[in-house]
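Going by the order they are written in, the chains are A, B, C and D; count residues from 1 in each one.
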Amino acid sequence: MRVIALNCTLKRGEDPSSTDRMLELVGKYLLEAGVDGMETVRIANHDVLPGVTSDEGPGDAWPALRARILAADVLVLGTPIWLGQHSSVCKRVLERMDAFLSETDDRGRTPAFGKIALVAVVGNEDGAHHVCAELYQALADVGWTIAPQGGIYWVGEAMGRRDFKDLEKIPDKVDQTARMAASNAAHLARMLQQSHYPGIAMPPSGD
Amino acid sequence: MRVIALNCTLKRGEDPSSTDRMLELVGKYLLEAGVDGMETVRIANHDVLPGVTSDEGPGDAWPALRARILAADVLVLGTPIWLGQHSSVCKRVLERMDAFLSETDDRGRTPAFGKIALVAVVGNEDGAHHVCAELYQALADVGWTIAPQGGIYWVGEAMGRRDFKDLEKIPDKVDQTARMAASNAAHLARMLQQSHYPGIAMPPSGD
Amino acid sequence: MRVIALNCTLKRGEDPSSTDRMLELVGKYLLEAGVDGMETVRIANHDVLPGVTSDEGPGDAWPALRARILAADVLVLGTPIWLGQHSSVCKRVLERMDAFLSETDDRGRTPAFGKIALVAVVGNEDGAHHVCAELYQALADVGWTIAPQGGIYWVGEAMGRRDFKDLEKIPDKVDQTARMAASNAAHLARMLQQSHYPGIAMPPSGD
Amino acid sequence: MRVIALNCTLKRGEDPSSTDRMLELVGKYLLEAGVDGMETVRIANHDVLPGVTSDEGPGDAWPALRARILAADVLVLGTPIWLGQHSSVCKRVLERMDAFLSETDDRGRTPAFGKIALVAVVGNEDGAHHVCAELYQALADVGWTIAPQGGIYWVGEAMGRRDFKDLEKIPDKVDQTARMAASNAAHLARMLQQSHYPGIAMPPSGD
């Protein structure tokens, strides 16, 4: 089982981001739960063009990223919070997955069917539940399976400015949540590898 | 496998509601997908008291409903849309499930672990994706597993007043969506019956 | 200028709630900004029936509450956060305001036109921005004017359990936010008293 | 009074977009309500860099756009809906406005204080209320005033594919909503020009 983690920070480059630290935590527990390895991609370092198809033409970094995402069994979608919402970089990734809806097989299954999504969210002070809601919905819409308690998050006190990457120690509760989410995702992924969703008979096209 | 459908219409009594019609559609396809039966409960006909515990005292209808919900393998949570949001009746059901978070077993699993949730939403004109987002998040938070494309919905044109219950024919796309959601939910439920989430080792309590 | 504050805690009775403490803070600064007085109503102590009309019949506490709300110039809608969302009690208040949409005058203005809404939100750990979003939208839809930075909130660190009512001291930033929101709301209310929205010519009914 | 409309379609170039058509409708009624002119900017044709400051360095189109936005009295933020949410282009615009929070004057007022925001949303089938909620919250957070019923939208029937730009005729209800929103925004803008928000005394900096 392979995992791909997408870091949707707004920051280009390689400076450590809070989202990175959260993805590392989730990755640690996914390995503990039996996955074979995790690669992480910082989306802002790739030129993902705006659009809702799987290939927006010359210079579009999405086709290569899309292939890597679909080669994995588990997706960890990581995003910072700005103004209480997920980042524009994360939003763009979801928009590009919209194309999955028209890439179904003869049983109506999108390319994400049988794959598990986790959500990892960090912010200074507020917004994690909402970001989980938005990501769960967009991901489930295009075919990902959402593990129970599959959102791992940290935020500080209202109107605060502390960053997750600067915490001396990851709080026990956050650690435990990451471990549970990883355990659930690995269990689901293992089962869906053994037995794929059957899908349904589709009407002859022409719609 | 048993299914329970909760109709969170604001209307007390037995008059047909659009949410009922949607739940019937989902129920039909869950039976086709192999579940053994579905019961439907109209929450507004029960006195579910405000609160976030599993028993809010004398006159509270929740403890009995809670038992019926947890006796099922699949939950279909059905709600109308008002002002673009799920109903206050639906919101109350979710609030009462908040108690699951402190009702975990020795492996940290809530009573909803291993169970599947589908969401059924009807409105005149708008709001279905958002309601799915809100419900997915609240349900996943307390331990339900969310099937891919597990939201079945209908809305009409912007600012319209047509009701789903009055449509002459259910649109083909809605029918197909219900069938797919039911197939996915039944598949997941069957697999999780065979192999429960393992959960994680919990720290000694005292937290 | 009069203010009405609605406390949408789930708790019936008179025990102090965190929402109360937040409403008191906002009230203090509204008085400083020139309003003449604020009354607070705990909705859970009134039997607001489910529905979307202005009078749901015998036993419905809404008609009397509705009159008090519309006698005020500024509304402070206060709610706790559960599962990252506003309370079912708050949701019910919004649903009952849905009726405003069909109670327009000959210039298409709902009963909330010319009145200002503030939002006050408290939770243990997360959800304030989202609750503000939901309340702004529902309130603006039915005709309230939303003051800039009109959401006052407090939440603690992720997965925490501290209550706003138990804080030794209200954080400076929260205090300052309340003061600004109150100043903005009082300014808008004063101006709209001097010059009401003109509304628009409405087509002859029959729609 | 000047208006700026931002078209946050994902489509670069000049092909007509549904969002354009909606912005034209709102513009028509803003002129009727007394504003002096509206310019429209298609954001996707400008290279707005990711980030949360007012200037992200060489090649960043935001500083020039920011100046044009702040030269206007009314903002119309127009976005398509993808997966039930606002576009990544729109999200980026909001992120860049996050910088307003640290660009306050000596009375704590952000650059958006005294300015009005309207929201214009188009999608094939669902999502308008939620997008309004998200935009209202982000805009109000950074200092815009939200007019009552300030969201103008169109969506078609669930799972449909019709585009607003292809409608033979704009529905009467949509037309009326645009007219009301424009009237309300112009009234508020006029009043706030006459009498600016007073703001509050700020603590000496050092925070």
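The criterion applied here is as follows: a residue touches a chain if its C-beta (ideal position, glycine included) is under 8 Å from a C-beta of that chain, and two chains touch if they have at least 3 such contacts.
Heads up on the chains, UniProt names are A, B, C, D = NADPH-dependent FMN reductase-like domain-containing protein.
Since we're looking at a predicted model, the values are computed, not measured.
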item	value
Joint neighbours of chain D and chain B, given as chain labels	A, C
Most distant chain from chain C by Cα centroid	A
Centre-of-Cα separation between chain C and chain B, whole angstrom	29
Distance between chain centroids, defined by C-alpha means - chain A, chain C (Å)	35
Approximate Å spacing (C-alpha centroids) for the pair chain A, chain B	24
Residues of chain A whose C-beta touches two or more other chains	83-85, 129-130, 132-134, 137, 141, 173
Touch list for chain A against partner chain B, complex	108, 110, 112-113, 129-130, 132-134, 136-137, 140-141, 143-151, 172-173, 176, 179-180, 183-184, 187-188, 191-192, 195, 197-200, 202-203, 207
Touching residues on chain A, where the partner in the complex is chain C	83-85, 125-130, 132-133, 153-159, 171, 173-174, 177
Complex contacts: residues of chain A adjacent to chain D	10-12, 44, 50-52, 82-89, 91-92, 94-95, 98, 134, 137-138, 141-142
